[in-house]
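Per-chain numbering from 1; labels A, B, C and D assigned in written order.
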Amino acid sequence: MVLRPLSFVRRALEAMARGPFMTAVAVGTLFVALFTTGLFAAVLGGAERLLAAWAGDVQISVYLRPDADLPAAARAAAQLAGGREVQAVPPAEALRRLRASLGPEAAVLDGVSADVLPASVEVRAPGISLAQARALAARLQAVPGAADVDFGNAWLERVEVLLRRLRWAGLALFGVLALATAVLVSNTLRLGVYARRDEIEIMKLVGATDAWVEAPFLVEGVLQGLLGGALAVAALLGLHALLAPRLAAAVGVAAPLARAEVVPPALVLALVGGGAALGLAASALAVGRFLRKP
Amino acid sequence: MASEALVQLFHVYKQYAGEGPALADATLEVGRGEFVFLTGPSGAGKSTLLKLIFCAEPATSGQLLVFGRNVAKILPRHVPPLRRAIGVVFQDFKLLPHRTVAENVAVPLEVRGLAPRDVARKVAVVLRSVGLELKAGKFPLSLSGGEQQRVAVARALVGDPALLLADEPTGNLDPDRTVEVMDLIEAANARGTTVVVATHDRSLLERYQRRVIALESGRVISDGDAFRRRAGS
Amino acid sequence: MASEALVQLFHVYKQYAGEGPALADATLEVGRGEFVFLTGPSGAGKSTLLKLIFCAEPATSGQLLVFGRNVAKILPRHVPPLRRAIGVVFQDFKLLPHRTVAENVAVPLEVRGLAPRDVARKVAVVLRSVGLELKAGKFPLSLSGGEQQRVAVARALVGDPALLLADEPTGNLDPDRTVEVMDLIEAANARGTTVVVATHDRSLLERYQRRVIALESGRVISDGDAFRRRAGS
Amino acid sequence: MVLRPLSFVRRALEAMARGPFMTAVAVGTLFVALFTTGLFAAVLGGAERLLAAWAGDVQISVYLRPDADLPAAARAAAQLAGGREVQAVPPAEALRRLRASLGPEAAVLDGVSADVLPASVEVRAPGISLAQARALAARLQAVPGAADVDFGNAWLERVEVLLRRLRWAGLALFGVLALATAVLVSNTLRLGVYARRDEIEIMKLVGATDAWVEAPFLVEGVLQGLLGGALAVAALLGLHALLAPRLAAAVGVAAPLARAEVVPPALVLALVGGGAALGLAASALAVGRFLRKP
């Protein structure tokens, strides 16, 4: 007996054309499941980056030693910070700000001379991640005359903990969703095979081997998975194109919403590849169930 | 005509779960090139006997040799090659409802990995022989009962099998078509195919004077070289 | 015996999509209480004619009155009551594979909303009459072909229908069973059921000297009070 | 023709018993879909309450006028705060804390007298929501001698915005998930009906009305939905019983993780009722498809 791999693909395509209803249901199920999973992953990633960016509307203060040269330090900081907004804060300005921030307790500052406060250089870095903020702060240690580098740490640390917890909750939910997706899709493909169990039986009765019967089902599963995954990716990209501009406007940061960030190649690959793998595995399981019967 | 045995049963029993025996102590032999009728009342075990031969059901006990191989102990992976040497006309046709007539008839050839061109040629020839060349593109459910039955016959014959098992192959055919189909089966027999036909139709047994095996309640009650024995009953 | 017409066809045509006509210019009448055989070669249009009568297919043109109602223009909601007055033995049985024999036979009664007790009683009686009392709890696929056919006959008879349409009801039965089943159908006819039996079996036409309508290629080629006309062919 | 409603339930149960594979797949699909949706809802609600509680580890400061009686104010605050932890902070303590909080800028306080700072009463209210914190702060205005009431507002406001955004993102995702669930479940039930289309056809051929054929399918859909929903609720409660103690320990607050909060009766009802409605609608759609054919 000659095995003709191409004939399996042909037979799979024929079977799909023969049962457009089943094919539509299978591809539709794969699409919905993969789209939901992909959307979840994209939103999860996007939200995390957005939160980080938004929380990381970071202001880094480089406090200088009393003997330091403020303008020189500001120039050095501008260079180290690579074009970010840099502001020199002389002691008088620092005192003004401190007074504003103390609110009802500002009275303690009455009669205090500005000279006791250190001059500082402030670097604004909107939309950078915590890790980037840390790295930048470390680099800014090299500013000549720098005594201490501070970046809104208390707040940032808290946000960092929050993000970590959110990420865990999100990942756990994502795991459940991915598992549910796999179960639901394999159930659907299984029903599809179930509806064709007579066909399987008849082909075996006229002398088909298990492999000959099984192969087109597997090819079909892979094709349906690829199709469902491709549709899911297309829908995600469409949704992104639709929503990203508005969202960026509403949130005020655009970079973390770029297409390559929200729907990265890894996600595209995961959806299409995952769809194909899911289709293959589900079909294999389902056909096996009916083949291995006496 | 026959010397070598193609099918041999020794004290074969078949008992379906929760039933009396469908086949009891069946012992018989079908030689290569023979043409045998299998007859008996409804529920006698004719279909069961055929199912055992092409390994659709396992025997409960006894020995059953097909092409010299003991199919009582056959491994699952040896079943497909065996079945490919056997053409079967199923009593309930077992056509694939979502494939055309031509595709249905092509299945046994495709299963053997024949090239599509050869498949198409052979299918066309056999469909013409059963008078269905105009129905090649139709689906089984849009055929009349007799047309479906002829598709089943065509599928069994298309691969020139060494052994043909036909279960009531003319039950839905008018007398003229019956003769046509039986002549086809005879022609296959003349080309060397061993034939077992299960039938109730006494006129067939009378017209074709061949060996007749009669079953009743699962037992072989007569095995004669022609219809003579039953003619009296 | 017959005076009032139960089924009337006037120039009925039936053409399936992409086919020649399966029924052409059919004009005939079946009176209340009549027993009619419908015969003709494979593909002549016998099953098609029966399908038109119980509204499984619409006629392409012509007038078709069943119980005096023009079913060419019947509303979907009037179809079920009409069908409940008709018992049908389908050529391919159309049994529900996942229901037992008794459940299959019970369906026409359940559809009518009979009480479960009455259903059980009637089912038991009719199953005994076709010799399947021992198979009541089995599933159709574990029956022999002839047994399945008798289940189909039992289902058609169980509701004491005003009209019985039997499509090749004995094709899978041995001669003795055939006589038994035909006697059942005759008994129903004697109780007042109008009967139309489509068959190829000439021995039936000979044995039961009844009106025979012969079709060929969709046309009524003869309509005689008994088998005389065809006996010569 | 007599319609027997009970007979429809009987026939539905028989059909489910007859096709255990299909029934298992349908109930399984409903279960997985409803469980995922319910889990999502529960985690969403739980996370929101947790975040609120955690962010609301609130410390409310009641600043007193210079002439106020600190012990009396503390007693009044304790009464108003209803048994929460209350601490009187005299000016000296306030200065110490301010110094600690200023870090590198603490030098400005050198030589400052404690008297310039107001005395205050601090109320700690761990685990209350923002709204509750606001209400409590409002009540504390009534403390005799209170000049100003302050609750870590800047931080809290930010968290509040964050929570609002998260809630929107979560609700949007939840909507997509619920829709996907509905589509997937109805696909599966549809395939189940598809596998039984021959049965439908045969019953119509022997005289069954559409309603007679349809009713058991609808009952079946409802029963499967109820079963799937009940299983989902049971699984959620089980998961809650398993995780809540650990989570409470890890997070340090237990109240928002109580069973009635995480799996509230409304969610139970939504899952079971939603399952039944989904089963009914999907079955009705699916059977309709095959009934309305000629």
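To be clear about the criterion, contacts are C-beta pairs under 8 Å (C-beta built on N, C-alpha and C of every residue); 3 or more make two chains touch, one makes a residue touch a chain.
Here the structure is a predicted model, which means the values were calculated and not measured.
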Chains touching both subunit C and subunit D: none
Reference subunit C; chain at largest CA-centroid distance: A
Centre-to-centre distance between subunit D and subunit A (centres being mean Cα positions), rounded to whole Å: 24
Rounded Å distance, subunit A centre to subunit B centre (Cα mean): 62
Inter-chain centre distance, subunit B versus subunit C - centres from mean C-alpha coordinates, in Å: 29
Centre-of-Cα separation between subunit C and subunit A, whole angstrom: 66
Subunit D: positions in contact with at least two other chains: none
Residues of subunit C whose C-beta touches two or more other chains: none
Chain contact graph, described as a line, ring, star, complete graph or other shape: ring
Interchain contacts (touch definition) - all pairs: A-B, A-D, B-C, C-D
In the complex, subunit C residues that touch subunit B: 16, 39-43, 46-48, 91-92, 142-147, 149-150, 167-168, 171-178, 200, 202-203
Residues on subunit A engaged by subunit D in the complex (per definition of touch): 21-22, 25, 28-29, 32-33, 35-36, 39-40, 43, 47, 51, 63, 94-95, 98, 102-105, 107-110, 112, 116-118, 147-148, 150, 155, 158, 162, 166, 169, 172-173, 176-177, 180, 183-184, 187-188, 190-192, 194-195
Residue numbers on subunit A that touch subunit B, as the complex places them: 1-4, 7, 18-19, 198-199, 202-210, 212, 294
Partner subunit D, residues of subunit C touching it in the complex: 54, 56, 58, 76-77, 80-84, 86, 88, 90, 94-96, 98-99, 107-108, 110-113, 116, 155
